[in-house]
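Both of the next two complexes hold subunit A, though its partner changes from subunit B to subunit C.
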Partner chain A sequence: MNWRDVKDRVNKTIIFLFAFVGIVTVISLFIFIIKESIPALTQVGKEIFTSIYWYPTYDPPEFGMLAMIVGSLILTGLSSLFVLPLGYIISFFLYNYANSIERRVIKSTIDLLSGIPSVIMGTFLFIYVSPIIMKLGAWSPGNLLTASIGLTILSLPYAASLMEESLSSVDQSLKESALALGASKFTAGFKIVTKAASSGILNSVILTVNRVIGETIVVLMVSGGAAIIPKSLFDPVRPLTAAIASEMGEVSVGSLHYSALFTAGLILLTISFILTLISKTVIGGKAE
Partner chain B sequence: MKKKINVDFIVSLIFRIISYMTFLVVVLIIFIVIADGVRYFKPSFFIEYPKKAMTQGGIGPAILGSLIMISLILLFSIPLGLLTGVFLSEYGSKSFIGKIIDISVTSLSGVPSIVYGLFGLALFSITLGFGTSILSGSLTLTIMTLPVIASSVREALAALPRELRESAYALGAKKTETIFKILIPAGKNRIITAILIGAGRVIGETAPVLLTGAVFYSTKLPKSLLDPVMTLPTHIYFITMSYGADAQWMAKATSSFLLILVLVIYLIAFQLRKEEKNV
Partner chain C sequence: MFNLTAIREQTILNIRDFDGWYGQKQILKNINMDIYKNKISAIIGPSGCGKTTLLRSINRINDEISDYKTSGEIIFEGKNIYDKDVDLTLLRKKIGMVFQKPVPFPMSIYDNVAFGLKIHGIKDKRKRDEIVKLALKRAALWDEVKDELDKPARELSGGQQQRLCIARALAVDPEILLLDEPTSALDPIATQKIENLIEHLSEEYTIIIVTHNLAQATRISDYMYFMYQGELIEWGPTRIMVRSPKKQLTEDYLNGKIS
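== the complex of A and B ==
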């Protein structure tokens, strides 16, 4: 065994050790989030999921997260309703109709959009868009509508570029055969290519939804922050992510409130983990 | 036949209009944020402390804080992301352990940033006792950057032709020699692109830093890595949310500066990617 062999072994060991950090991180992520949630889960119990009363600083405090869970879901649903069709339309346009200049310009603009930090989007909405929405009838600068607009803009690059990728990955000859048989470009793209790309598109949907549900800063800045179940687009909401970010600074470590915020994190972590696993199996299914 | 052409005509017209409008909205947002902030730029803005309840002064400490954080993050995450990517590409995601690492990295990419913040708070700030500090914040963001860099490095290496590896082996190179002397240099551009995109994303991260590393206002510069720090994104957040109209100019100007910074990083990354494609 000469010096080069030793070096090779050492390098290999280093690579393996570093790669192992990923596993350790995921495991400790779960351990820490679960560990810190346990006091709230055991002492408050199922009320967390069934009560809408979130008054963590009252005496006695109440830790019902239902309004915030519903808030997260409504926000995610509404934003997905905007962003998924919009993302599909843009990706379909880029795939089917755009000429090469349009493709390049629109694609790189959307790529750039993915770089805009969410805090800047939040500030933009707060300063320029909220006043307009308030003129339309909202009674607080933050509300469901403004937050959904922000989430839509922020997640659009994901939806559009992932969907465009999955459309483009379909074998070109499929589209060409359809066109040769007399189908219009729309039919070929919509009925043939989209169908062939369905697993990729489903995957884009899952990843986009996952991105929306975990977004924090924009909703913290422009969702209004009241932990109520919204009844109109102009009502404020308080999703889980916003609650964690805004309250964590004020709680004392180890208190029940602190633990309850970790429970909110655990809910988010579980959702994102499940969505990621589904997405991973979807891709896996396609590869086979 | 005529009807089909009409369908295409109408659909392409509608889709084109929608895409153009979206494009315009994006350009408009970028333009407004930059233009409305640039007019407050002057040399003192980049050096001074904020003064008089954020109505005067500058963002010197926040710029410094962001630079310190991003340097530390890159210092940690480049080796971590690079070697994880190397492992996934070269030592196989086919083995059992490889599959688990693969799933772990993918899962990490989907975890919401605020959950990373909680994790960083519980692990680095409290359990390890780093407190609210530059170190806690940087380590938390390093973990967030890992999946971004690792998966791009993996793709970059996987895209290299097989002949490259085989020629190296035929010349008697060991596996890690091939990786470090042939493959990584060959995939250099794509790897740097990945690192730049990771950096561009992480420099604007707010939520995890709020929980682990940020202080709103500090009159002195951090003396060690265990001190908290002001950063550009958290500064924007605090001003927008807690100060009135008199301080709004600073939020605008800081947003403008941060956005320019991120866009420059992205444009360099895209330029590298384009060169890569042309070669």
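== the complex of A and C ==
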């Protein structure tokens, strides 16, 4: 073996090790979270998923997460209901109608928006938006609607630019073929290009929803924090992320409460894992 | 004696003093030419000479490119197609186009052909079925696909896809068919089929084809238009132009000295 081969092999090994870091991190993260959740899962049992009573510091403590799971899902669902159509409309405008100036203005606004730290967004919502919502009838400054607005603003740049990318990646002559048949710009963009981009758009949807469900700071600041199942837009919620963020700093390591918070993390991770899996399956099926 | 009125009656499209710019860059320089009805006209020339831009100006699909500007006239049915009150939907119904790459829509074979019919308001299902069948027959595709009209169009071969695109354009009953290098992405056998088809179609339609395949242009076209660096250098009946070009540039191109 000559010197060049040795060098090549060394390089390859080093690169392989670095490339492997990502995989190792993900796997160890999963192992770590599962391991820390086991005490809560075995000692509290199915009550975690069936009880709405989250009183981890009472005596005896209660660890029902149903309200928080439902809170996370409702909050995500509602925000997605706002952000996905809005994101699509923005991307559709950018793709189909915007001239170069409009395009530049909108794109840089979106970039700017995506750079705003979520804690600033939370503060803004708390100071300026909450009072308006309260005037409309909310009884708590933090509530489902305010949190949804926050999540919508935060994830909008993400949704819009991902969807715009999927639309733009469609072959230009597909759109022109539709136009050349006499189709309007709207028909060409909506019926042909959007359909051709459907797997990319679905992927954008999943990524956006994933981002919404994992967002923490805004919901911590403006969701209200009460672990109840919300019955109206004005009720407060306590999503899983907010519970973890606000309580993790105060539990004693190794306690049942500590383990229960990891269970909450495990639930979040599982939801986003399932979403990713769905998107991979659907897109994989489409590609063939 | 040269009978001007007789010629005018045969032309379907007259391009007059036509200029085209991308931003500041002039792509088409004072183009003047006539297109004859039910003939195959081939626009030839080296890459970047403006031939595709000219073709794309004829159905105004180049309007899609945001900084494209034109001046001069393209007269079709006695009217400049660049007039403000032109109905683009109607114009594009009458002047169809097939692109370089076969681009079937993400739907079934049937729906691909029926797409234009829906746009132009043909709602009667039986009539639509009939037109789809006729268009596929004209595009010499019917026999190959008649039993699988519901199959996704993307499952067809490249050559079949391109004939599907031609059928799709024919379904809305155009008068002129613009073909932008329709065979450059196809293998020789599929190319041969499309060429035969084009010759056949010229009985009913006026065909304008852009190609950088000189042999193809010579084989199938009745008229030839040679462009070089944005200018129309020479045009005329293919047989005459190939045998005795008037301009040195044309001769050089035909002899392969410029490409």
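The rule is simple: the second predicted complex is superposed on the first by the 267 of 288 C-alpha atoms of A that agree within 3 Å, B and C clash if a C-alpha of one lies under 4 Å from a C-alpha of the other, contacts with A are read in each partner's own complex, and residues count from 1 in each chain.
Quick note on the criterion: a contact is a pair of C-beta atoms (placed from the backbone, for glycine too) under 8 Å apart; a residue touches a chain by one contact, two chains touch by 3 or more.
Just so it is clear, the structure is predicted and the values come from calculations on it, not from any experiment.
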item	value
Touching partner for A:29 - first (subunit B), second (subunit C), both, neither	first
Subunit B versus subunit C as contact partner of A:100, first or second or both or neither	second
Touched partner set for A:179, first subunit B, second subunit C, both or neither	second
Between subunit B and subunit C, more extensive residue contact with subunit A	B
Partner chain in contact with A:171 - subunit B first, subunit C second, else both or neither	second
Which superposed partner A:280 touches (first subunit B, second subunit C, both, neither)	first
First (subunit B), second (subunit C), both or neither touched by A:138	neither
Touched partner set for A:192, first subunit B, second subunit C, both or neither	second
Set of subunit A residues, in rising order, touched by both subunit B and subunit C	182-184, 187
Residues on subunit A engaged by subunit C in the complex (per definition of touch)	99-100, 171, 173-184, 187, 192, 195-196, 198
Residue ranges of subunit C in contact with subunit A within the complex	59, 61, 64, 66-67, 88-90, 92-93, 96-97, 99-101, 103, 105-107, 115-116, 119-120, 165, 168-169, 172
Subunit A - residues contacting subunit B, complex	4-5, 7-8, 11-12, 14-16, 18-23, 25-26, 28-29, 32-33, 35-36, 86, 89-90, 92-94, 96-98, 102, 105-106, 108-113, 115-124, 126-128, 153, 156, 182-187, 207, 210, 213-217, 220-221, 241, 244-245, 248-249, 253, 261-262, 265, 268-269, 272-273, 275-277, 279-280
In the complex, subunit B residues that touch subunit A	1, 4-5, 7-8, 11-12, 15-16, 18-19, 22-23, 25-27, 29-30, 32-33, 79-80, 83-84, 86-88, 91, 100-101, 103-115, 117-119, 121-123, 126-127, 143, 146, 150, 174-177, 179-180, 197, 200-201, 203-207, 210-211, 233-234, 236-237, 240-241, 248, 251-252, 255, 258-259, 262-263, 265-266, 270
